[in-house]
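Listed next: structures, encoded as structure tokens.
Shared between the two complexes below is chain A, which pairs with chain B and chain C, respectively.
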Partner chain A sequence: MSLIRLLFYFMSFIAIASALYAASTQNLVRSIFVFFVTLFALAGLYVLCLADFVAVTQVVIYVGGILVLILFAFMLSGKETLDVMQQQKGKFFSLGKLPAILLAALFFIVMINVVLKADADNLPWVKDSIANNNTITPNTATIDNIGVNLMTRYLLPFEAISVLLLMALVGAAHLSRKEPEA
Partner chain B sequence: MITLTDFLIVSAALFCIGLYMIISKRNAIQILIGIELILNAAILNLVAFGKHDAVNNSGQIFALFAIVLAAATTAVALAIILNVYRKYKTIDPDKINNLKDQ
Partner chain C sequence: MNYYITYFIVAIGLFSFSAFFALAGVYAERKISAFIQDRLGPTETGKFGSLQTLADIMKMIQKELIIPAAADKWLFMLAPAIIFIAVYMGFAALPWGPGLIPSKINLGIYYIFAIISIETLGILMAGWGSNNKYSVLGAMRSAAQIISYEIPAGFAIISVVMIAQTLDLQVVSMQQGILAVEKIKFAGFWDVTKIGGLFSWNIFRAPHLIIAFVIYFIASLAESNRAPFDIPEAESELVAGFHTEFTGIRFALVFLAEYSMMFLVSMIGVILFLGAWNTPLPNIGPVHLATWTTNMWWGIFWVAIKTLGLVAIQMWIRWTLPRFRVDQLMNLCWKVLTPLAFLCMLISGVWRLWLM
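The block that comes next holds the complex of A and B.
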């Protein structure tokens, strides 16, 4: 077993275990902080896919931006949020959650079946790209290529997403302003 | 080497955990975390397949777009959650059952 495979198992174990913990814990604060760990482990998985730039972006935007925003909202929404959490404290496995567990488990079985049947490593275009040397290798510098592609081939989606981000931020600022006393 | 199928299985597991969180949680912030988990599962798939496209980098670039979209979603969703909290003093989605005019 090579080191990279060992690292893959390590990272995916951390990602899935921390996601499971975030899903099962009753404590909102723990859930948020464990989600940090999941995001870091996912960034590690992106590095194993040879997508270092996406991994760095994940750390900067998700961990630095989104999670801080979630923590902020949690702290602004005050004590009653925690009280809601405390009320449903009880057994780890409650009957009310059975449908959700059942649905998620069945979905998982279906998806695993699809993944195994699809046999992604033998897809025609993947084989073509391996045959034509179109696969990223560990010593390719991907960042320059990403920058050039972002400014040429993907310029239109890039501009569209910048306008959308602006709209979303203006909308968020508008939503969170104090409403005038009517 | 790590195969594509390994990444797909990890991402399917993350997707199902996110689905479970969205259905079972009684707290809007935890539902938001579930949505983020599902988005991350999708990004993992994009990145894993993007490895086989060294010229155009389509997978990685759309993963970047998805991350930006997640940021926009979270900003708007948190603004909505704060507004709902101000009005109802709770963020349990089951208890929010009125429109603006009651």
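The block that comes next holds the complex of A and C.
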């Protein structure tokens, strides 16, 4: 077994185990911190896929931004709210959670189907790319490619996202503003 | 297989370097603070008290590790390790000389920026895990401050990256001296590709980067929780902030992380703005000062000297300026530094288009 394969299984195991722990634990803060482990393991998997830019972006946005924000919201909310949330009755599997379990199971079946039917090793476009030498090696600088594509081929989605983010920013600024005295 | 052994040696070397730097840094900090406040500082242990920090570390290693009864044990124990590892991993992508870099990755600066932000998480972990209101308050302040100051720091870095057109720190370094493969102009008009030295540093290649450098430096003080931005550990209000409950070796790890962070942010500043491992001496006619003083060993020397200079300035600032209040700190960040950093980024774009 090569080192890369070993690393892949190792990181997948960490990602899945920590995700399961984050979903099942009663301690909310711990579940957030374990989620950090999940995200980090995912970043490692991205690196193995030679998507280093995605991996680093994942760490910047999710770990440095979103997780810290979640923790912030968590620490700013009152103790009573948290106590109610932490004392969820019942076990991991219960009748009340049936819809969620059903949904998760269906998604799982779909995913398994995709993996089994797609036959990822023999996809035509993958073969084409290999034949045309249009592949990424570990030494390729992917950011140039990403930047050029964002500014040419994917310019419209890129701009749409920036408008969306601007809207969110304006909305946040409006919500946090003090109301003038009526 | 030899490959992997080299990796381990490099990792251990970087760790021992940061540990040694923390030892020397604490001693220097004490001596500098003593000089500024007209005291003597440590004098007894060793010549001029030079063994004082070593004695302190010996004491800390022997101390009992106390875990508060109501603390979240796992978070409490892991927090110092995560704080330190986050900073330590940043060292992996810093170039020390021509061809001398622990890990040559083409995302260098972006990677460091990402990995440093994990420190926030460790600090929040320490604060929450201690189950002490001072710790939580300190951790919250620290997180708020680091997240806010990442924005001006990020834009200052982006304005350099726009000039350099790469995220690879080794290439950024290469551009700022006689080893550059492209044409380097001093302030946009004077070709200094063959002259090198001081004139081809980034802050002189595009003078608006001087502003960007000052912004970055201020923000880096905030990111390493140094005075005047040390409200997370404001001892008059919060005892010691997020590390109130830590004892012995865990406390030492938090300190190690702080000093490594100081070195790391200074070194990033040096690499991006102050010519990295390039010599400040230019080639003057037949006197090839720059050519003579550019190689691997000189590289290590220059980068270390410049970085230690910045660290000394950090210490000087710490013992000179009073601490900011929280609202002043946020005002400075959002109303002064962020717009200025935006402006720098804009000028960088224009500069790149018309003057390079």
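As a convention for this text, the second predicted complex is superposed on the first by the 149 of 182 C-alpha atoms of A that agree within 3 Å, B and C clash if a C-alpha of one lies under 4 Å from a C-alpha of the other, contacts with A are read in each partner's own complex, and residues count from 1 in each chain.
To be clear about the criterion, a contact is a pair of C-beta atoms (placed from the backbone, for glycine too) under 8 Å apart; a residue touches a chain by one contact, two chains touch by 3 or more.
Just so it is clear, the model here is predicted, and its values are computed rather than measured.
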Dominant toucher of chain A (residue count), chain B or chain C: B
So, does A:53 touch the first partner chain B, the second partner chain C, both, or neither? both
First, second, both or neither for A:64, with chain B first and chain C second: second
Looking at the overlay, does A:38 come into contact with chain B only (first), chain C only (second), both, or neither? first
Pick one for A:149: touches chain B only (first), chain C only (second), both, or neither. first
With both complexes overlaid on chain A, does A:16 touch chain B (first), chain C (second), both or neither? first
Quick one: is A:29 in contact with chain B, with chain C, with both, or with neither? Answer first, second, both or neither. second
Common ground on chain A, meaning residues reached by chain C in one complex and by chain B in the other: 53, 57, 65, 72, 76, 142
Partner chain C, residues of chain A touching it in the complex: 27, 29-30, 33, 36, 52-53, 56-57, 59-60, 63-65, 67-68, 71-72, 75-76, 141-143
Going by the contact rule set out above, which residues of chain B touch chain A in the complex? 1-10, 12-21, 23-24, 26-27, 29-30, 32-34, 36-37, 40, 43-44, 47-57, 59-61, 63-65, 67-76, 78-83, 85, 89-92
Within the complex, which stretch of chain A touches chain B? 2, 4-5, 8, 12, 15-16, 19-20, 22-23, 28, 31-32, 35, 38-39, 42, 45-46, 48-51, 53-54, 57-58, 61-62, 65-66, 69-70, 72-74, 76-78, 80-81, 84-85, 88, 96-97, 99-101, 103-105, 107-108, 111-112, 115-116, 118-121, 125-126, 129-130, 134-136, 140, 142, 145-146, 149-150, 153-154, 157, 161, 164-165, 168-169, 171-173, 175-176
Within the complex, chain A is touched by chain C residues 72, 74-75, 105-107, 110-111, 113-115, 117-118, 120-121, 124-125, 128, 136, 139-140, 143-144, 147, 150, 167-168
